[in-house]
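The chains carry the letters A, B, C and D, assigned in the order they are written, with residues numbered from 1 in each.
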Amino acid sequence: MKTLNIGLVGYGFMGRTHSNAFHDAPLFFDLPYRPVLKALCARNADRAKAFAANWGYESVETDWRALVERKDVDVIDIASSNDTHHDIAIAAAKAGKIVMCEKPLGRNAKEAEEMVAAVESAGVANTVWYNYRRVPAVVLLKQLIDEGRLGRIFHYRAKFLQDWTISQDLPQGGEGLWRLDVNIAGSGVTGDLLAHCLDTALWLNGSITDVTAMTETFIKERKHNLTGKVEPVGIDDASAVLGRFSNGSLGTFEATRYARGHKALYTLEINGERASAMWDLHDLHRIQYFDHGDEGRVRGWRNIHVTDGDHPYMDRWWVPGLQIGYEHTFIHQFADFLQALGTGTTISPTFRDALQTDYVTDAILASAKSGRWEHVKTS
Amino acid sequence: MKTLNIGLVGYGFMGRTHSNAFHDAPLFFDLPYRPVLKALCARNADRAKAFAANWGYESVETDWRALVERKDVDVIDIASSNDTHHDIAIAAAKAGKIVMCEKPLGRNAKEAEEMVAAVESAGVANTVWYNYRRVPAVVLLKQLIDEGRLGRIFHYRAKFLQDWTISQDLPQGGEGLWRLDVNIAGSGVTGDLLAHCLDTALWLNGSITDVTAMTETFIKERKHNLTGKVEPVGIDDASAVLGRFSNGSLGTFEATRYARGHKALYTLEINGERASAMWDLHDLHRIQYFDHGDEGRVRGWRNIHVTDGDHPYMDRWWVPGLQIGYEHTFIHQFADFLQALGTGTTISPTFRDALQTDYVTDAILASAKSGRWEHVKTS
Amino acid sequence: MKTLNIGLVGYGFMGRTHSNAFHDAPLFFDLPYRPVLKALCARNADRAKAFAANWGYESVETDWRALVERKDVDVIDIASSNDTHHDIAIAAAKAGKIVMCEKPLGRNAKEAEEMVAAVESAGVANTVWYNYRRVPAVVLLKQLIDEGRLGRIFHYRAKFLQDWTISQDLPQGGEGLWRLDVNIAGSGVTGDLLAHCLDTALWLNGSITDVTAMTETFIKERKHNLTGKVEPVGIDDASAVLGRFSNGSLGTFEATRYARGHKALYTLEINGERASAMWDLHDLHRIQYFDHGDEGRVRGWRNIHVTDGDHPYMDRWWVPGLQIGYEHTFIHQFADFLQALGTGTTISPTFRDALQTDYVTDAILASAKSGRWEHVKTS
Amino acid sequence: MKTLNIGLVGYGFMGRTHSNAFHDAPLFFDLPYRPVLKALCARNADRAKAFAANWGYESVETDWRALVERKDVDVIDIASSNDTHHDIAIAAAKAGKIVMCEKPLGRNAKEAEEMVAAVESAGVANTVWYNYRRVPAVVLLKQLIDEGRLGRIFHYRAKFLQDWTISQDLPQGGEGLWRLDVNIAGSGVTGDLLAHCLDTALWLNGSITDVTAMTETFIKERKHNLTGKVEPVGIDDASAVLGRFSNGSLGTFEATRYARGHKALYTLEINGERASAMWDLHDLHRIQYFDHGDEGRVRGWRNIHVTDGDHPYMDRWWVPGLQIGYEHTFIHQFADFLQALGTGTTISPTFRDALQTDYVTDAILASAKSGRWEHVKTS
């Protein structure tokens, strides 16, 4: 079997989920390539070595430019902070590498456009880790929509609620906290959490044409760990959006890190003429499905435990009733990516797909400033 | 419209639910009789007068024998403590009155047998207030079973869990606490709570032939309010049963007042070859229904909100989505009873139906003593 | 006990809930007045007579002007269609009657302002039937907020989802369907459903200062039952809103009759610094409550079954664990109103309180047209 | 780091879960040994080779006796059918190997006693894969009990409900179906599913002293795949049990493969004087916890999402709100086992612990035959 040599940039939360996917995908899926963990790249050499030792990376780099230039690396996987995506991806594409990139693609659509241009002009395979597209329950929902079971769509609503930044004492920036530093992250919850909601929405329900939005920063100043000073907070703590889809349906979206009691509650619901469906990340192996075609007297929301052999991906795992976890979404995406690579095709979301999400987040942030409806650019 | 003069015995919890049914049934159902609240009977004259004034009873009696002899009373409704059911019901039947009786029918099957004999030899209409047969969701479940949708039945399980007697300080006996006095109540949770589970089970799933059981009294001594002394507790605090139904299915039953966190959690589930269903009293307007005939990929427990116009009784109430409460079950039973009376028929559960429940509870209590399987007598 | 003579206008859905409240409130609450159902007024004499006979109204009027002039009527209760609220309420106030009015107060804020002026200049007691303020679980939530348990509020979100108008075949207007006729109703879901969400929000979370909104009419033309012609639909089928509260929190609101699978799903959630809470109408006897002050390891959303004696209103009903229904909210409001009347005070929501909701709905409808944020007027 | 060479017997469902644990435990836990997948043993050489290739086993054996004799193997892990546990475990112990064994330990207590004797006389480390003891939520529950938070225990109830054998067409025996062949499995659901319920119960709530039980075989004859003939079915399809714990609490247990709609629904509940808790396998990352010490008005079942860093094992995985799956329980058990091995200690359940479960299942099967309460033997 052919090998595929991987160079990973970043050893944080996402570095771990990706590494786990590289390990486990071959154990559960038939793949045309054998992934080889060739190199791990991160600025802190000691931590990088420890991470590499744990996960079995053969070597360590501390400069991504060196990694990109290595001849023995086929894939550059970018799991570092948002401010690094643009330069690494473009350099990797120019070097002819396959590029996988964490979401959001760029800190803004301008960065993302340049990244799309780079991979497309280089003709390299590429994907963005919007992992929730690979939850079995969400894929089942996609199938039901594609089969026309929902009929004309009237409503799409999604929220991503967290509560981990409520404390005034939390610093902005520093190790593990770059998501609070607007210069690194690009935005707050809009790019971090709402982007997930939007990516899934675009996939399930088509394009969003116009939005109006409000954002808020509840805690205006925080100490910055890197500078040691109390500084204005630049990110949005919360973001709420009204939107219109090109299929005529109405969208409502919200993300926040100030919803006390919710840890990572990504929920979505779609209402169609003939059927409706709901999903939430806290019970990710279920969808709620209401089929108006059921006999009236016994009509109700079906609580579908998506763990059977005829459910997406589930024939690769255990037996009915036994659930999988969050990290499996990355395993699925990596397996799909390799299988597509083996046949010369690619999977969604590509860089170009992810650019569209950045267009929507740009329009949202613009509307939050202008107070007006903003039209969403299309690529 | 003909009037039907009612004499109620008892002004406790059940006296209130019955009185409310007498008031509200004519407002929501088309009835062949207009119920008239003729007399309220209870030993404490002052309280009886207050209750009668509140609910509109025209007169008060303090001796049920006087009530039974009144010519202007058509119906004797027994809502007093269990130890009074036998004598009042028999006297009422002998006086030619229609008899409605709270559950359980007798403190034991012997009492109940004599009550059945009395009403049947007098030829008077009679019913026992096993009110959960009139929950719209439970009636829907009965319809589904009768239509054969569940197929061959394998399992029936029911529980009634409460937690209100856990405190050692609670006295046995006295105002509102007669359920803790075995001489008055006949038994503990077996006759009080488990009897509900058994009545519904017999109705939905047919006869129970054999049982084995255990009971327990967790707090062995309590102060008795009437005597002022600490005395052994005679009731069962908890009761658990294995049983076999004549249709070949297995039954498990449990009742307790020591299940911390549960207030009045009566739950039941029935598993058939083709479908299963669940109901619980804490969300009484719903059933969970699983139909194996649904397409595999989208099969799941349907959460049916039994509030539509084509659901049992619900055309009499509000609009879809709006729930009714506990007390409506009594309104339904009273309306059904009057409608049957108008056509010279009767409704279940009759005294004879309720006797069968007493046969099962007798067998359960016998098994708890003998440690053996006991055969259930049939009438 | 003093009597209070009631004249009801309208015999529809709301006429029934009000009549039931008049009947049942005295049975369960200690009231300073005995309500007397003096007269029922509706244009269709036959139906009015049948309704009056069923509910015990002593007389019937077919012209509300005649009802208002009757000397033997103390209270005018308006349960007729929205287009009648304004004229009846003003005439009743001028005649010195106590006025109770179904929601929304006016078809728009201008009507409502005139109604407020009328009752205030006449000095008559008045209230608007925003009944969800009297759900025990919602009142408990209000208590928790007022006690400061939630701390600084970050988010408030509410939705009211239905699905009963999806069919193209449904006519606009005609018996029982006036809610689809914009001339009668004033607006669609904004005034009908969203108004409930807004009323509760204003009560729980204070004033809303600014909104931006979108509305949609999914089915553009329907046959009108009164004219027999296919006509443009004037109401909004769906309405979605972003808003800002004066306490700094963000609000999101949505109402629709096109959410397949939802019958009357009014849900609300409030997120504070220290605690959060959720409620929904389909399980109206529960709130979900998350208290961040709980020990971390065992912190979770508490599913509170609001049926105990120390919960609002529940000491008047049954025993813990036994639920009440939708109609009880009207009983509670009527009982509260009479009790306040007995002490010369009044209850919220008054006409003036309800006017504020009309200011918000006016701003929402204006924003849906202008595409801009609109400032909410205050009275 | 020291290596630990593993020889696995069996490549079925459990062979996969164990192999996955060997792979992933070192990636997420700090372990004193590096597990080496030395050999895979199974009778079918082709399939064994394929399995070994997929999972990285260095070699293949087709006779477990050969595996046991290999000098380069430190651990024998038994994941083959129940009828093989006894002989392999005893031979492995005699050869001085560490022994890990799938549950149930023996097909009956006699086999299990001999296995315990073997490992104890050989002095080799040993454990049985009752994996549900390593669900983070179940471990949290254990902690709460051990801290005395529940107080005196009144009730313990557990069920394991499946529906996969309802079809008459399912053969008994043959590839993947040995659980239906009584000679191989030892019993039906009692040893397969109920054993899980019992193991957890003994761990959480102490010893069970007496039981009464019923079992049933709903489909009496099935075609046997190995013989090709229709033969009587020897296993129990369903099993229901009443039991008494030595702490005075009452136990109810049930297992079945005939509960339509339930895939692998293992549920347990424990009711104490001060608190109660529930868990179920279909939502394995949650417990429901009711603390009577909470203030009355806001008391409710807490839905605890056991995904935080201060929850058992969860500091090794992702971030709060993100769930893990079924297979993680095996990873946890293997990590615990290796860590204990590093310090010369062992973990529960040992063979001796698992023997006690076999004593209970033996008593249950005896009672189902005798119709009497049976005393449970203790080791």
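Basically, a residue touches a chain if its C-beta (ideal position, glycine included) is under 8 Å from a C-beta of that chain, and two chains touch if they have at least 3 such contacts.
Keep in mind that this is a model prediction, so the values were computed, not measured.
Of all chains in the assembly, those touching chain A and also chain D are B, C. Farthest from chain B, judged by the mean position of CA atoms in each chain, is A.
Taking C-D and B-D together, the chain pair joined by more C-beta contacts is B-D. Averaged Cα coordinates give chain C a centre that lies 55 Å from the centre of chain D.
Each chain gets a centre from the mean of its Cα atoms; for chain B and chain D, those two points are 42 Å apart. Counting partner chains per residue, chain C shows two or more touched chains at residues 262, 301, 305, 308.
In the complex of the two chains, the chain D residues touching chain A come out as 13, 17, 19-20, 23-24, 26-27, 54-55, 162, 164, 262-265, 281-284, 305, 307-308, 317-328. Remark: chain D residues 154-155, 157, 161, 163, 166, 212-214, 216, 218, 238, 240-242, 244, 248, 250, 252, 254, 256, 258-262, 271-276, 290, 292, 301, 371-373 touch chain B in the complex.
Those residues of chain A that touch chain B in the complex are listed here as 140, 143-144, 289, 291, 294, 296-305, 308, 310-311.
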